[in-house]
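The structures considered in this document are given below.
Both complexes shown next keep chain A, but they swap its partner, so chain B is in the first and chain C is in the second.
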Partner chain A sequence: MFVLPGEPLEPATLPSHSTIPLKLGPGLLHIPPNTITPTVAGLLRTDKRKNAVWVEFNGGRYVPTTGDLVIATIQRSSVDVFYASISDYTPNATLPQLSFEGATKKTRPQLAFGALVYSRVSLANKHMDPELECVSSSTGKSEGLGPLTGGLVFNISLGMSRRLMLAKPGEQGGLVILDELGEQGAAFEIAVGRNGRVWVDSKSLKGTLAIGKAIQDIDEKSLKVDEQKKLARKVAREI
Partner chain B sequence: MTDRRRINGPSGGTSAPIFSKYLAKTPNELLERPTRSRPNNALRKMFLKTGVTPSASGSAYLELEASKNPKSTAPGLSSPSTSGLKLTCTVHGPRPLPKSAPFSPHIILTTHVKYAPFATRKRRGYLRDSSERDLGVHLETALRGVIIGDRWPKSGVEIIITILEGEEDQWWGDGIGHGNTAAAEWGMMSVLSGCITVASAAIADAGIDCVDVVAGGVAAVVKGSAKGPSPNLVLDPVPSEHKEIIAACIVGYLPSRDEITDLWVKGDIGHGNQNEDTAQSASYEELADSAVQAALGSHRVLIAALKETADVKIGRS
Partner chain C sequence: MPREVEPSLNEKQFFVKALEENLRIDGRAFDQYRELDLEFGDELGVTDVRLGKTRIHTHITAEVTTPFPDRPFDGLFTITSELSPMTSPFFEPNRPSTTEILLSRLLEKTLRRSGALDTESLCLIAGQKCWSIRADVHVLSHDGNLVDAACIGVLAALQHFRKPDTSTEGESVTVYTLAEREPVPLSLLHFPYCVTFSYYSSTVEEGETVTLLDATLLEEQLREGSATIGINRHGEVCQIAKLGGVPLDAVAFLGCVQIALVKVKEISVFVSKRLEEEAKKRDKGGLMAELSAENDRVS
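Up next is the complex of A and B:
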């Protein structure tokens, strides 16, 4: 359902749950006591299971939120903290040198300018610069986070990165490219950041470029499922 | 302040000369003022498209159809007809303020309105003059009430509007010694109404949180139209179509909340309960209400354009 800023929402369009309170996602404003209005123009989406409602719009700006997984680029390092760039138009985020798996004061990770890191946003609010971490704060293990070596990073739109990060990209987001490439036998590693970046690594540079370009093409030309299958076959042949 | 850094083009007219074969056979045919063919409460056709500048956070383009002399036989561009309105707007931000700027708990809105040098019949300079700064201040007033500024402390958003073709203040034929006194700047009123609408579309395109979608509308009290000598209330006036404009009003209106963010009235007008000689002339309240009606008309076009953009951007998921 398409909504505009300031449009009154009928209570019938909002999900209701017996026990869980209603969660408001991005793009909505709550005016006490019981008015909820959208603040951006986009599509209104609801999730009955989690009792959540939000407005989906494919904007260009990534706004850091706690718990997001992002691909950050190291800009410089100071005494005990790295400064990493999440997006071009925001100040650098800080990444403590000790929040890597197995890092102590004597053994710190050596990351130069331009190095890529897959990290989670640990602190993000409108008043302060965002902070990242490469280790899960509860278990102390990296769980897939950390520096990304080799490969190439590609820029995609925020909507595309959200679709790639869905639990079931094929059913929910209409994306079958990654499954198809796996079926065709292409060997590659991929990491998706919510800030509109995707990192691809394959055995050859040609393969890496082909896969990355394929994902960008699907994003720009909004290809459908059968077109994605055709593209996957073409890419697998090239590798 | 004269602009000494650039080599300016020759000041004067911006219209191209026309071939003499397109000139009318009798001088009366040429010097006929274009007339308003639409009813008093109808707006001009509007074209609005967002996303025209990919490098900016949000952008929009607005075009209003040009009014023409109905009796003119010359093909389109070669007739000295009046011009329409063409505006383009880009939004940059929200982006962090420079380190030297003092702390601000809400977003800082900067507006910049500029006529292109070729936009009006008389060539404009490259530096902003006082009328353009005035338009910028009015635009900022209209938009300030709509953007939710608390979500973006220490940030700034910049809205840049370039007017590619501006409204004329009076019909060019009037200037040739028909005894008309210097016209007030009526063209600026329609331009401001277009600026508010196009800035609102660009802000929604950029995804900046807003309380509502603001639309601009303009109405005027005119004299001497075809409907008779008594003053008339018209929506979306084109200054060159009317012999004399008594007063004009422009509003920035929020339809869902029924609120006005900016109101600018110019001219000779009084309150409704004042006793006047010409009982038919409109009152201040009626003029403001008509401007709100005009804003509602622009709002319809605005939401249709935003819906179209959203369908293209998100339609696949």
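Up next is the complex of A and C:
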């Protein structure tokens, strides 16, 4: 359902759950006692299982939120932290040098200016610089996070990066390019950052460029499922 | 002042490796321009040029002023360029960045000092009244190669613009409104366009230089030298700007001029085609020929 800012939401459009309280996501405002109104124009999405509701919109600037996976660029390092940029022209986030898998004072990674890291936002506060981590604090494992070497990073819209990170992008977001490429037998590595960056690496430079370009094209031209399948076959043939 | 965002290490390494395999990040050939698009505004003298993701808006205005005392027979022609923070937060208002200074200098050299616009035709009464033509260049989106795009924008806008018709009787000048008389086009003597070359030397084998045309922002940030050649379609070079950077072989540089000539011919054909389409769109019912106050040129 498409909603406009300020428009009152019918209670019927919101999910209801017997035990879990209703969770409001981005783009919604609660006016006590019981009015919920959108603050942006977009598509109203609901999740019955989690009893959550949010507005899906393609906003411009990325706002860090705890738990988001982002691709950050190292700007400089100090005694015990790296300063990394999540989005351009915003204050740098801090990434402790010891928050990598198996990092100790002697074996911490040496990251140069401009290196890319796939990391999780561990602290996001409106009035403080965000903090990042490359290791799970509970298990001590990297869980796929860490420095990204080789490959190329592409800029995509924030909506596209959310679509790419859905659990089932084909069913929930109408995005089949990655599954289709996999079916065609194209071997590649991909890391999607919530901050509108996607990192792609494959055996050949041509393959990396073709896959990245395909993702950007789907984003910019908002291609439908069958068009994506056609594009994926073309890309797989090129590689 | 915020620092310009630099490309990441991965992008730098990938770009170098791609150049060695004769690839560009956007998949173009080394001497290929991005898709060029030229739109005209509702008003005369307004153009919107898109070169890939670079977008430039140009607006031409004319007013009557007094000429400079040392050049009583010449009208005025000024080009002002603006890179606003809308383009990128890196640009600050009222504080020109190097990019902006270079852009305005190169436009000045190519268009004004080469005499593209016949300023003598702008004179109304010698030493007292003349037309002042002003070109405002607004960069709306910056993805490299501003100079080439801005040059196309200004020249297309100058060709699209019509100044109000005037008549002079002794010491008095009458400026007719658009309703009274059909406005007249500016007198342009030639059409010099800019072609910018980017050079990369240390990225490839010893003694070899890779030359790219129409560099994107990423390619501009990584280049080791650049040269802008202003040339018209008859092959007359109006200006060459090579500000530092890697040294170049003279013969190779002459080759660049030849490439520039080919590109400028393509651009000229494109711009005149778009201007013709636009003129057809404006010429409702074929009245333009009857309304025109211009005499056919005898040449």
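Here is the rule we use: the second predicted complex is superposed on the first by the 238 of 239 C-alpha atoms of A that agree within 3 Å, B and C clash if a C-alpha of one lies under 4 Å from a C-alpha of the other, contacts with A are read in each partner's own complex, and residues count from 1 in each chain.
To be clear about the criterion, a contact is a pair of C-beta atoms (placed from the backbone, for glycine too) under 8 Å apart; a residue touches a chain by one contact, two chains touch by 3 or more.
None of the values given here were measured: they were computed from a predicted structure.
In the superposition on chain A, A:T46 makes contact with neither chain B nor chain C.
Shared-chain residue A:E7: touches chain B; no touch with chain C.
In the superposition on chain A, contact of A:G159 is made with chain B only, not with chain C. Of the two partner chains placed by the overlay, neither chain B nor chain C lies in contact with A:N92. Of the two partner chains, chain C is the only one that A:L148 touches; chain B does not reach it. By the touch criterion defined above, A:S136 reaches neither chain B nor chain C.
Of the two partner chains placed by superposition, A:Q184 touches none, neither chain B nor chain C. By the document's definition of touching, of the two partners only chain B reaches A:R61; chain C does not. Counting the residues of chain A touched by each of chain B and chain C gives the higher count for B. Chain A residues in contact with chain B (one complex) as well as with chain C (other complex) are 89.
Residue ranges of chain A in contact with chain C, taken from their complex: 73, 85, 88-89, 112-116, 148-153, 199, 205-206, 208-209, 213.
If you check the complex, the residues on chain B that touch chain A are 57, 94-96, 146, 148, 151-154, 204, 206-213, 254, 256-257, 303, 306-307, 309-311, 313-317.
Put simply, chain C touches chain A in their complex at residues 2, 5-14, 17-18, 21, 23, 25-27, 89-90. On the side of chain A, the complex with chain B involves touching residues 2, 4-8, 27, 29, 37, 39-43, 56-61, 89-91, 126-127, 159, 163, 173-174, 222, 224.
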